[in-house]
Every structure is written in structure tokens, then in C-alpha cells.
Amino acid sequence: MIRGDRDDSVGPELPGSVIRAAVETALAEDLGWGDVTSDTLVPAGLEASAVMVARQAGVVAGLEVAREVFLAVDASLDVELLARDGATVEAGAALLRVSGRARSILAGERVALNFVQRLSGTASLAARFVEAVRGTGARIVDTRKTTPGLRVLEKYAVRCGGAHNHRFHLGDAVLLKDNHRAAIAAAGETLAQAVARARASLPHTVTIEIEVDTAAELEQALEAQPDAILLDNMAPEELRVSVRRIRQARPGTRIEASGGVTLLTVRAMAETGVDLISVGALTHSAPAFDASLDFRIGGVAP
Amino acid sequence: MIRGDRDDSVGPELPGSVIRAAVETALAEDLGWGDVTSDTLVPAGLEASAVMVARQAGVVAGLEVAREVFLAVDASLDVELLARDGATVEAGAALLRVSGRARSILAGERVALNFVQRLSGTASLAARFVEAVRGTGARIVDTRKTTPGLRVLEKYAVRCGGAHNHRFHLGDAVLLKDNHRAAIAAAGETLAQAVARARASLPHTVTIEIEVDTAAELEQALEAQPDAILLDNMAPEELRVSVRRIRQARPGTRIEASGGVTLLTVRAMAETGVDLISVGALTHSAPAFDASLDFRIGGVAP
Amino acid sequence: MIRGDRDDSVGPELPGSVIRAAVETALAEDLGWGDVTSDTLVPAGLEASAVMVARQAGVVAGLEVAREVFLAVDASLDVELLARDGATVEAGAALLRVSGRARSILAGERVALNFVQRLSGTASLAARFVEAVRGTGARIVDTRKTTPGLRVLEKYAVRCGGAHNHRFHLGDAVLLKDNHRAAIAAAGETLAQAVARARASLPHTVTIEIEVDTAAELEQALEAQPDAILLDNMAPEELRVSVRRIRQARPGTRIEASGGVTLLTVRAMAETGVDLISVGALTHSAPAFDASLDFRIGGVAP
Amino acid sequence: MIRGDRDDSVGPELPGSVIRAAVETALAEDLGWGDVTSDTLVPAGLEASAVMVARQAGVVAGLEVAREVFLAVDASLDVELLARDGATVEAGAALLRVSGRARSILAGERVALNFVQRLSGTASLAARFVEAVRGTGARIVDTRKTTPGLRVLEKYAVRCGGAHNHRFHLGDAVLLKDNHRAAIAAAGETLAQAVARARASLPHTVTIEIEVDTAAELEQALEAQPDAILLDNMAPEELRVSVRRIRQARPGTRIEASGGVTLLTVRAMAETGVDLISVGALTHSAPAFDASLDFRIGGVAP
Amino acid sequence: MIRGDRDDSVGPELPGSVIRAAVETALAEDLGWGDVTSDTLVPAGLEASAVMVARQAGVVAGLEVAREVFLAVDASLDVELLARDGATVEAGAALLRVSGRARSILAGERVALNFVQRLSGTASLAARFVEAVRGTGARIVDTRKTTPGLRVLEKYAVRCGGAHNHRFHLGDAVLLKDNHRAAIAAAGETLAQAVARARASLPHTVTIEIEVDTAAELEQALEAQPDAILLDNMAPEELRVSVRRIRQARPGTRIEASGGVTLLTVRAMAETGVDLISVGALTHSAPAFDASLDFRIGGVAP
Amino acid sequence: MIRGDRDDSVGPELPGSVIRAAVETALAEDLGWGDVTSDTLVPAGLEASAVMVARQAGVVAGLEVAREVFLAVDASLDVELLARDGATVEAGAALLRVSGRARSILAGERVALNFVQRLSGTASLAARFVEAVRGTGARIVDTRKTTPGLRVLEKYAVRCGGAHNHRFHLGDAVLLKDNHRAAIAAAGETLAQAVARARASLPHTVTIEIEVDTAAELEQALEAQPDAILLDNMAPEELRVSVRRIRQARPGTRIEASGGVTLLTVRAMAETGVDLISVGALTHSAPAFDASLDFRIGGVAP
């Protein structure tokens, strides 16, 4: 848990053990047996300072992780955050300042940037989707389509962008999809029976959501009384009809839409009245945020 | 090391310990305390089979990793690769078949897809860059701008796409950049002196590459007799002049170009005669490859 | 994920990676540098078989983990489960049979028993609480008062005993307690404002529960419209009044009771009409289940 | 290794690497992706202090571990131990004070308490057994019936309670039991021959103990000249006879008794003159020690 | 725990978890991102077989570890041990045969040899010391001067060479040295008081050994009644006098000698009548055993 | 990455994550469940200081690792390096001073010494080889014949001794040996074809080296145009002829010699004009460097 240079609206802080594990893995991967460039070309005692700078506008995330990268390389470095995770910045904005041994700064540079560029990429894309649906009342949510090993960090980035999280893992909530529907049928149960059975056995904190593709499936789903219904791959008009049907049949049910969501289509979907729109692209296809580290040589330490 | 359903042109196989570590991490992250959906809705004894299918054309990578995902979930699953890592496929192509316990297949589905979608995304983007420079003699190479924790897998995907790898970590080769140049100057050395010093201390297997931004820097670099020169952020005409100068001054020096490479600009760069063009986007901004798992219920095991 | 000798009513299966990690840790801890007793006194080729036997009546859990213990010690052992996790057994019941190298069976004995005794202890205590409230409609649920490092396994044991799980970790659900109430007050917010703020930022799958100690707190809680209300440390009559108030004010709200629950008091609490009764003792104070391994020497392998 | 707020009579200090590993595992397990309650309801800058208080009389253990929990959550917290591991305390005693960020204290609360409650539970039960045999000259010792993953910590708690440790793992000492006896017979050796063989091969620091159930087995055991003899499941009178026989035949042999030891029976066993009484319940069935964290809001940090 | 191709006189088997951890670490270290030589030059389907051959006479150790290396690289390899750990072999002896994919054999070759060469080096040096004292009744024992990370494996190799193990770690036995003596004096205790205090608090399975440098220290040590006495850095005549004194004063005390032991001096030390002679060189200075892998190309698999 | 008490000529610094992992593993291995000697005999509050002293002349390495050992045991210890890694010292030289809690110093002593003795042993042997070839222009290089788990540290020690590193792992460079030659032949390729194929697929930073045993093989190798040629097991005269042939045919090719190199033979090999001589003994057979920790009791802390 980090000391607080963050925007409180981002939601839960990243646990320190999550950050430490990610940073140690990434440094081991990038440093190998040592930095043959800096450690042979840069004098051991040379001091420097560097500023991480945004090269594009967007929403930043991962600055606290970057701080831990530099401190894990060399605990004597001095690191100051100049922006908060979740902040909207312009191109040219200064994000973080680090000063101390030149070799240490150079050793941490790429890993620190890799975290910030990836997480800010997701945060910035999330922010664009959020902007696209502003005023509609719909939430943008993420999916489990994340990078293996980085799920907690990427979902944090989604929150930094103003969007919301869906399930973190398969134990978080029931999401009943077509394959489960087929299995339930094969076992000779109705959907309502199966859902009742699940509710009877699962923690009361676990919510149940059912995915439907058609109006017929929607009727079965309503009968099963889920906490949420996911309308998958429906055209806006179909969405609108389904929303109306759910609101009337079971008010209070949260309504999610998914399937082929893009920045071009998302507003039309949001305007159908759904509560949530899930976007896999936030974590599986966000381009990196452009950032770099501007480096300035200081004196040679005595 | 896996048993061989791969295209030999892909280069070194993924070491088994790399695959095992990545798969175990990803499964722990995605399964949490258990799959509340499948394990309450799908009968324990239900059998099924599923086929992973490409939903777009492209180059696939990560199928061997996906196999290990399913086997790590349940060693009794039967998994067959229907395409090789590195294969070019059409939309609709069947990539992998898995059969056995329905619950086990569903538990591994998302993680297996996450690996295949991410790695095939990189492979497919790499293949488009390779295609764009076909016939020019230029290689497309990756960078260290990879996802923290996935470097070896992502660079494997780059090879699956027909592109080439650059450094895996900071110990692999000297890449002398502007910051090092400044540090060398601050220490009162010439570039040639510093490079000679590095060569005298580093393994004979370590190659030395120098990044230059201007013609003046190029002259200094040539004096230092590196194995390779990286021409950063130069316009095609400037690249062409630089290539000519290097070929004449020190034939045999490998020439790399970098900076703002896109599918639109890469061919012009390649036609300047450079040997290598490095593209950070291969690993930091490749959109996910679209794939899904088609599931079919079998009988209930006795 | 294990092959299925379990009672399906137990809920989600233990993920294989959870079992593997627990077993490897426990074996490293118990074997040290080797088994000085068996490996010096028992011939290397001696074969044996052994049966794990319940020495008391109760509900068993951990048999699948025990199987993995023996296989991790020696993959050539033959292990057969004779009872399912979640089964109610009498004293003397045979639970598991293992046969093969005598040294390997002896090396795994204590670790296998430690898992089964601890997990069956929790399952059996849970079953007694469940039995005590039978017919009342109240669920027995666990808490986060688990053994460090064994949470997923212990909560699995709770399910084996027929009770239910509450939160697995701090990210699973909001549970607003007195300390949070004080912090909210210090920040100048009302409870309802704070809860609304949380709901606006958290995943839609996250449920919100508020703990109350008094009737006044209950009124504030009702205003905040949580998914569940936890009535802490109330006498049965107070509970009954509170239940009535909640059912009338916000039907559908789940009602949990906690505080000083014992086998003697739990039924009276259940009869007040609450939905859930949380019992820390299930995981923090369950005595071990009595079991042992009956060993029989076979022949010496050729 | 921790800085020393402990009672020196507790014996060897817990190695720092043992504490760090246990704490990191427990925090990862309890924090998941973040604390949804505190981090959405408690302002980031709110300061607080809290005191861990005993809710029962007993012997405390794990306070040094609890300190590391809070520091691992947030290194800026200020933690002061108010009692030492191994101290006997009354209900209401203050054990530890922590102050700093309110969110950080709340994030560490449950894990810190889980360690203290479990370890103090074992220490307190051990102390009751020690008290029950006071003046008899018999030691209370633990067994390998510990919680998987927590052996070193639980055996430390046993020492905090004034009892003693037996083997930490299978490499620590020979403990020849009935199964080994059967294997030795199957191999056609006498007990004395087998023990002599073990002594000839094992480190001179490894002691040899033989378990016996009957007078006949005792005679065989004496012939084998072990360092210690374990009298299993004998009634007090039988114990007394056996002790007399051993003292006369091989004075200096340590004598251990085991089997069905309870607080009611232990003194009679101790008065038979045995040196050690092993009690599995210390680690497998100790109820949790009751403790809680009293929390007080401070100001909001600027 | 491995299936038994070992000489039973070697003592406790290497636990499987020890082997697995060592092998996985070593393979990750040696394979990096892949084998650029074999995987680009050797066809994927090429089959081969190879025999590991001793290039010198000596005692072999580590063959079971080598088998696990090859199987961890590729579970489809066929590995057969041709000698047992602990066997005395001549130069030219065949130790292990592996057959299957050529690439897999080449990938495991260096790691398998590194284990066998290092462990056989220690085993062979141990065997020479054992041979040098044959008939004297003295044991050769190792020390804690082992390679960081390999202690359990190296001490296994010591046993393979016919020598014996001393402490595995600081919790195994008391070894009171000069620094402890000074600390005891500083605290105002006598040696006998301190030892009595230790005995009162430590497990009854823990033996106590005292190191002495002079006759005066020996008298103090005898007074403290330790289980063993270590005579450090004494000349043979001094050793002889000390042995006589101990045998007369406290028969049954084990006597160890240490300090500057070489193959030239060890027999004279052994003939003084000591029970044990500890030799740090067994693990800190044993030269590698010469071995290699003879490789033969098979056919190309279809 | 450590703060700089090192000789800059040693080349790349040891990454902090490499040091941390090695130290934590070694401490867990050596401390077990606690230090039964110091923690029962030395008062908890006793202060001391100690100096690590060289007991022989040589080149030291591992002092920075030793510092981390003491700090990992107890962060309150004060550690000062009195020599730099890579320094040539005389017997009696003071290397490191540590002061603080006596127990903590004693707990770290053996592990700190084990690292320094092993790494300085390798550094000192490397320095002797370097000295033996002084003036010839030949480099002494290491091999992959390192201790499993310690490769990065041992290769650092080689550099401390003034020698150079060869490959760190199989991904660093192609080293085509006799087995690969056989496989290439089996596949019906010429060496030159195979090498060209490898060059076409491998990173441009990967150098290619070919091992040859005979003049005929040398001619084939030259045709393949490798970056380096390894002349294996050739007598000096044969080496001289081969060197002449390579210099004439392909000037610029680096020439390595290997096979049975000893301190007696290495100079003759160096005088043949080769560029590099690889010596497996540096890492597989270097005897430990003699060093010890001189301990002095301070006062008892209040």
C-alpha cells in the first residue's frame, strides 16, 4: 500500500504485495546479469536526475509502481511523483522526478516506463470510452481478457481511467453463459432450478448474472431472478426492447451489454438504457501511452 | 520444452520452465478460490469437447502454452494442436481441440484464450510489418518495450510472426544511447575511448551498437567501430545518406533504424537500405487476436 | 482441479494450483533433508499398503489434498479415495487407501494426516452448527478468521461441512464496521452518502453489508440501502426486533447475526429469523479430527 | 530476526526470513485486489491509532509477527510492542500500539490478529499444560501435528507458552514407531541391529528414540540402547512400571509418554516420573486466543 | 523421492521437493530464452541417444538429480540410470543413458553434468578421506561450509562418498564456539551454567557440542557435560592427550577434531582416537568430477 | 544494485534482485527454525563488532553480498566494507566490519563467509590464470560449468579476478559443437548452410562461434564465416598453425582455445596467439578462499 499520491476516486489502492511482486519480476527479467551498457560506460559515482514526461495527452496510471521500480533498483534514489494515478494530463506533462546515481536511474528506466506506458494506455482508452457515454448513466466495465500475470494492475488502470471493474476471477460472481446453459440442459434442469441451486450453495456476497442472446433466453433468465443480465451481441434496437422488458419484469436487475463494442458504437449502446457496457479492448487491445524519461547529468559524487 | 507441434522456422523453442511459470501464475490469478459458475451449474461428471477457433485471419502463437494451460488445470484432458505456432490462418480456422471433463475445459478457457489472443496479436502485427518490407532485405525487430513479466513469451510471438528479436535484457548487448553519450562526455572521455573500454571488459559474445541522431554523431560513432549503428528518428532521405556513409566507411556494420515506425512508413524506411527496423508497437500496442472456444457437450461419464 | 471423487454439493472444486502450492510447502516443511527414520530402517524395496481411517464420527474434508500429498512424494504410489470430501462418516470408516513403496507412504503419512485432520476438524464443527440450526432457514457462514496461508482450504472445509462461505478477502464485498463508521463521521459524511459513493465506484458484483450494534445504527443503515445488514452482539430478543424492522423497511435485505455464537446459543439466534449466522470458531478454534493411517507390510519388490 | 521485544526464555528467535515469508503470504491472501471497504469509505489522508487488546487471560505470542504485518502493509506506520512474546497477560491487557494512516491500519488488522490469536492460542494452551505438571519435573512437548505451512511459527508459540519442542521435521531425530518395527521384522533384522545400523549412518547429532506399547517391546527397545523411549498409550500404573524398568536398566535414557493426553490426565502421567509428555493438541486443537484492535481516529494529515 | 536406483547405504533419500526446486532453478538459469544453437541447427524431429560417462575414477552422486533434469526438460525422454549414487566407478564407466529428441537431450546436457560433476566431486573427495582413515574408527564429517543454495544436495553427496553429515543448519544442534564462550563470560555465567540453561530450554533431541582450543577450556567443557566435544586446531599429540582425558572423565562423550585437515594429516588425527574429523574442504573445495555426455544421432522421428 | 564500494573495472554490477534472492535462499537454508546456540547462550541485548579478515592472499569478491546477508538478518546492523570486490589483498587484510546485536552477527556469520569464500576462491583462481598469461594478449574466460543456482554470482567473481565472461546461458550465443555438427550432417546440410540459416533467424546481437577439433573441421568452419572459432583440445603447435590459418583466411575472427587448461599449460596456449582461453576450473574447481570473522564483545545495550 503506497503513501497516497493518488486520486482517491480511483478506488481501492494497489496492495503493496501486488506491487512488490510485479516489480521484482519485471526487474529480474530486464536486468539479466547486469546492465552492460551503463555499468561500463557511466562512472559509478555519477549523479543525475530525470523527469518522466508524457508525450501525449491522456490519463496516467502506474506512477506509484514506477516509484517502486526505482526504489527496488536502488533504495537511495530520491523519487517524487509529479502527477497522481488517475490524473488527466496534456502532452508534455511532467509525471515523476527521480534523482541519484545515474547508473541506477538508467537501470530502472525501461521497466518503469513499461509499467507506466501499459497502464496509462489502458487508463487512457478507458477514459475515452467513459467520455463517449458521458451523461447516459451507463458504466464502462472491463473483462477477464487481461494480460496473464497483470490482472490486478490492469484493472487498477481501468479504474484510473474512470471506468469500472467486472469480475477479478472466476470466484467473484456467477456469470452464466451459453456453455453453462447447454450443460444445464444436458443435466435436465431448468435455468431457474440451476440458479436456485447455485444461490443455495454460494456465499451471499456472490452475485449472479446471466448472459442472454435472444428474447427467448431473456424470458428464461428473468424467471431465474438473477442480480444482473448480460445482453450479448444485440443491436441497439434489440437492446432497447430487452431493457424495457427487464425494467418492467424485474426492476432493480442490473443490465449489462457486451459484444463488439467500439468507440463508434458505444454511445448508441449506452443510450439504450443499459447500466453497464463491458469492453474487452480496455485490457486486451489498448495501445501503449507514449512517455519518456528526460535525463540530466548532475555532478560526480565524491 | 514442448513436443514439437511448431513451425521450426520460429527459432528457439520456449523453455518448459518459462511456460510452466507463466501458466501457473495465470491460472492462480484467474481461478481464485474456484469457479463458482461451472462448479455449481455443470455436473461434475459431464464430458465435453471444445475447439479453439480463429475469428480473424492472422498468424497464431501461444498454442503450445494453451495446451499446457489445459493440462495444468486437469492432466486427464486430451489436447490436440490443430495448427502450429507461426502458422498463417484464415478466419474460422480450427487451432486446438480439447476434450474431457466439461468443468475443466471451462476452467481453463479464459486463460488459454488470453495467452493465444495476446501472443497471436503480436505475431499477427509482426507479420504485417514483415510483409510490408518484403523484398527490401530489412528485418523487423522488436524492443524491450514488452509487457512486464511476459518478455520471453512476447518475443517468441514476434518470431512466430516472422520478425526478429533484439535484446532480451540489459546484459545481452551494449546499446549506447544519448544518455550514455552525455555521461561519457561528463566523464571526459571520447566515445571511441569509452567503447574500447567496454569491449575490453565485456564478453566477446556481446555486440556493441551505438544510437545516433545526427550526422555529427554518426561520425563519432563510426570512429568507435561498433558492430551496429542505430539511426534514430531520421527521415528517409537522412537515413539513405547515413546508410551510404556507413557502408562506405565501415562495411559489415549492421544498420538499424528506429523511431515512429508505422505500417505506413516502414517500407520507405526499409528501402533506404537499412538492415533492421525496430518497432516497439509489436509488443506494446498490438491489438488482441480474435479467437474463441467452441464448446460441445458430450455424455456424462459413468 | 481434481478428478471428481467429491460430493458435488460441496460447491466449487479446489483449484489444482491451490492444492499443489499447499502440498509442496507442507512437504518441504516436514521432510527437511530426508526421513532419517524410514530411510535407514525400512528397506528401499519394501512394498506396503495403508488405509487412512477415521477414529471419530464426523464430516471429512481434505482427502483429495491427501491424495496429492502421496503423489507428490512418489508419483508411483497408487492412491484410492474411499470416501468423498463432504461425506459424513462413522468412527472406523476407511477414507483412503495408498499402496506402493513403504518408505514413500511413511514419508507422506504425517502431512496427509495433518491436512485431513485439520480440514475435517473444521468440516465436522461446521456440520454441528448446521445441524443445530436445521429447519430454521438460517445459514451458518465462516469469517476471515482463518489460519494464515490456508484460507482457501479452510473455507473449502467449511463448505464440506454444509456451511457457507463469507468473504474470501477484503476485495470481495464491503463490510462496513464501527471503525469505518467513525472514519465516515470524521470526514463529515452520512452513512448513506458514503455507501452511495462506494456503490458508485465499486464493481456491480460487489455487495455491500453494514454492521450495526444498536437500533439507532440500524436506522442509519437502512437509510443507506445495503444488500445485507450484520447485527452484531445482540441478544435474541433484540435480534428479533431488528429482523422485524428490516423485513418491514427493506424486504430482500439479507440479515446476518454475529458475536459470541456457540453451539448452545446458535439455535436461539437462528430462530430470530436471521438469514446468516457467522461463526469465527469454524476456522479459528475447530479441534482436529481424529484419524490415523493403518499400515500393512507387503512383499519386497524385486 | 527481530529487534528484541521478547522474553529471552522463549528460546531461539524466529528467523526474519520465516516471518517475512509468512507475512507476505498472509497479506496477499487477505488483501486480494484491495480493501474495497476502507479504501472507498475512509479518506486517504485520515490518521488513526489503534491498540491491540487481549480479551482473555493467557500467554501471548506472535506480537513480533504482527508488527511485521503492519510494516509490510505500510512502512510508514509506527508500531510499538506493549507486551513481549511469552508474557502472561490478563484480559484487557494492551499488547501492541500502531499509529499512522487509518487505511493502512485497517488493511493489516485482520492478518495481524489472525497471527496473534492463533499463536497465542497455542501458547496459552501450552501454558496450561505446563502449569498442570508444575513441580513434577516433566516437560510438555509438541509434535509434528501442526498446521501445514506454519510449523516454525506454531512451535515458537509452544515455547512462548513454556513448553518444549520435539522434532521440527523428519530429519531431526529417529522416532522408530510400530510401522518401522514391522518393516524391520519383515527384513529379518532385530531392533538392536537396525538401530545400530542407523546410528552408524546418521549424523552424531541425531538422537534415536523408540516408541513402545508393551512391556515386551520395552525390553527389545532397551536392548537397542536408544537415547529416548516413548511409552505410547499406557495407563499411569503401566507407565510407572516402565519408568522404573528403564531407570534401572539404562539410566540417562530420556522417557517420553504420549497418547490421549488431556488437561485432566496429564498430571497423573507426569507423576509417573516420565521426562516428557507430548501433546498433539497444543498445535492441532488449540482454540484461538481472544484479542481485538481498538481503533481511534486521529486528524487528517495535511 | 525417487524410485530407488540408489545404494541404500547412502542414508536418507533426497526429498523430491528438494530435487524439483534445484532442477527448476538450474534449468531456468541455463536455458534463458531458449537454446539458440540446438534449436536452429538441429531438426525438431531428430532422435538421439546419449550416455553419460565418467572420465575419471571416483564415487558418483547426483545421477537421480540428472534424471530429473532431463525429464523436466522433456517428459518424453527415456532415462535409465546405469550406476547408483554412491557407487565407486572407474574412468570410462557408463553412468546414465538418455534417449529421445536430440534437442531436448542437448538442452539438458550441461545442467545434468553440472549437478553430477559437482556432487560426484564432493563424493569422491569424501571417499578419499574415508579411505585415508579406514580402520581407525574415525568418521569423516562435513560442515556448514557449503555452497549457498545447495546444502542438502552437497551433504547428500558427502554421504554418497561414505562420509557423514554434521549439522544441516543452526537449529540442529548446539555448537558452542569461542565467540559464544566470550559472550557467556561477558554475561557473567560459567560455561556449565550456560549449557544447563540451554539444555533446559532446547528440545531433548538437540545435542550439545562444545569446541575447545586448550586443555583449560577442555576442563571447563567437561564440567558442562556436553554430548560431544570438538577439539579445534590441536596437534596430534595434544589431541591424544585430550582424547584420553575425555574418555576417562566422561566416557560416552563423542569427540570431534577439526582444523586444517588434509589428506596428508587426516590419518594421524584419526589415530589419536577421535570419533569424528570434520573437513570443510569436502564441500567448499572439492574439484569437479570429470564426466561427459557421449551423444549418438538416431533417426528422424516421423 | 548496490551503492558502489566496488572496483569499477569489474564490469556490470550485480542486480539487486539477484543478490536479494541468493541471500534469502541461503539464510533460510542456514537458519532453519532458529540459532539454538547463540539464542540460548548469548544475551539478547549484547552488542558486538566483528571484522571479516582474509586468511590468505588473493582477490576478494562477494563483499557486497555479505553486506546484504547481515542486513537481511537484522536491518539495524551497521556494516562497512573495508575492501572492494575485485581488490587484491594480503593475508590478514580486513575486508568488512559489522557491528550491532551479537546474536544477529553470529546468525549471519556463516552465510556471509560462505559467499565470500566461494566467490573469492573463484576470483583468486581467475586472477592466477590472468597473471599467468599477462602480456600475451589472451583473455581468460569462464564457461557454463558453474554451480547450479549461482551462475550470475560466480561469473561476477570471474570478472572480479580480472578474467572475462563467456555465455551466461544457451540463448546468449551460438556455440556449435561436435554434436550439432553430427546433427547437421544427419540432416544433410553443410555447416555453412546451417550457420547461414541460424544467422538468418537469430537476433543480430547473437554471435556465432564454431568449435573445431581438427584442421579439416577448421576449413569447414572458416567457410561458414563465424564470429569466433573455438579450437578444442589442440596441442600448442597445432594451435599455432590454426591461429595462423584463421588470421590469414578471415582476419577479425576471434579465436578461443579450450581443453585441459591448467596453470602450467595456459601460458604456452596463450603464446600461440589465441584471443581467448576458456577455463572450466574457474567455476567448477576453485578451492575456497580462506577468511574468517573476528568477533569482539561490546557492551550490553540498555
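So that you can tell them apart, the chains are marked A, B, C, D, E and F in the order they are listed, and the count of residues begins at 1 in each.
Criterion: contacts are C-beta pairs under 8 Å (C-beta built on N, C-alpha and C of every residue); 3 or more make two chains touch, one makes a residue touch a chain.
Here the structure is a predicted model, which is why all the values come from computation and not from measurement.
Undergrad: Go through the assembly and pull out the chains touching chain C as well as chain D.
TA: For chain C paired with chain D, the chains in contact with each are A, E, in label order.
Undergrad: So chain A and chain C: same face meeting same face, with over half the numbers shared, or different?
TA: Counting shared over all numbers used gives more than one half: same.
Undergrad: So how far apart, in whole Å, are chain A and chain D when each is placed at the average of its C-alpha atoms?
TA: 43
Undergrad: Distance-wise, how many Å sit between the C-alpha centres of chain E and chain F, to the nearest whole number?
TA: Whole-Å distance between the two chain centres: 22.
Undergrad: If a residue has to touch 2 or more other chains to count, which residues of chain C qualify?
TA: Counting only residues that touch two or more other chains, chain C contributes 11-12, 31-36, 40, 43, 107, 152, 168, 171-173, 201-202.
Undergrad: With chains as vertices joined when they touch, what's the shape: line, ring, star, complete or other?
TA: Per interface graph, the chains form some other shape.
Undergrad: What are all the chain pairs that meet the touch criterion?
TA: Result for touching pairs of chains: A-B, A-C, A-D, A-F, B-C, B-E, B-F, C-D, C-E, D-E, D-F, E-F.
Undergrad: List the residues on chain C that touch chain D in their complex, please.
TA: Residues 22, 25-26, 29-38, 40-43, 46, 48, 102, 106-107, 110-111, 113-115, 117-118, 121, 144-152, 168-180, 182-184, 186-187, 194, 197-198, 201-202, 206, 280-281, 284-285, 287-288, 295, 297, 300 of chain C touch chain D in their complex.
Undergrad: Would you tell me which residues of chain F are touching chain B in their complex?
TA: Touch residues, chain F against chain B: 9, 11-12, 139, 141, 159, 164-168, 171-173, 201-207, 209, 228, 254, 256, 275-276.
Undergrad: Could you pull out which chain F residues touch chain A in their complex?
TA: Residue positions touching the partner: 1, 3-4, 6, 8, 11-18, 20-21, 152, 155-156, 168.
Undergrad: Of all residues in chain C, which touch chain E in the complex?
TA: Answer in residue numbers: 24, 27-28, 31-36, 39-40, 43-45, 72-74, 76, 101, 103-104, 107.
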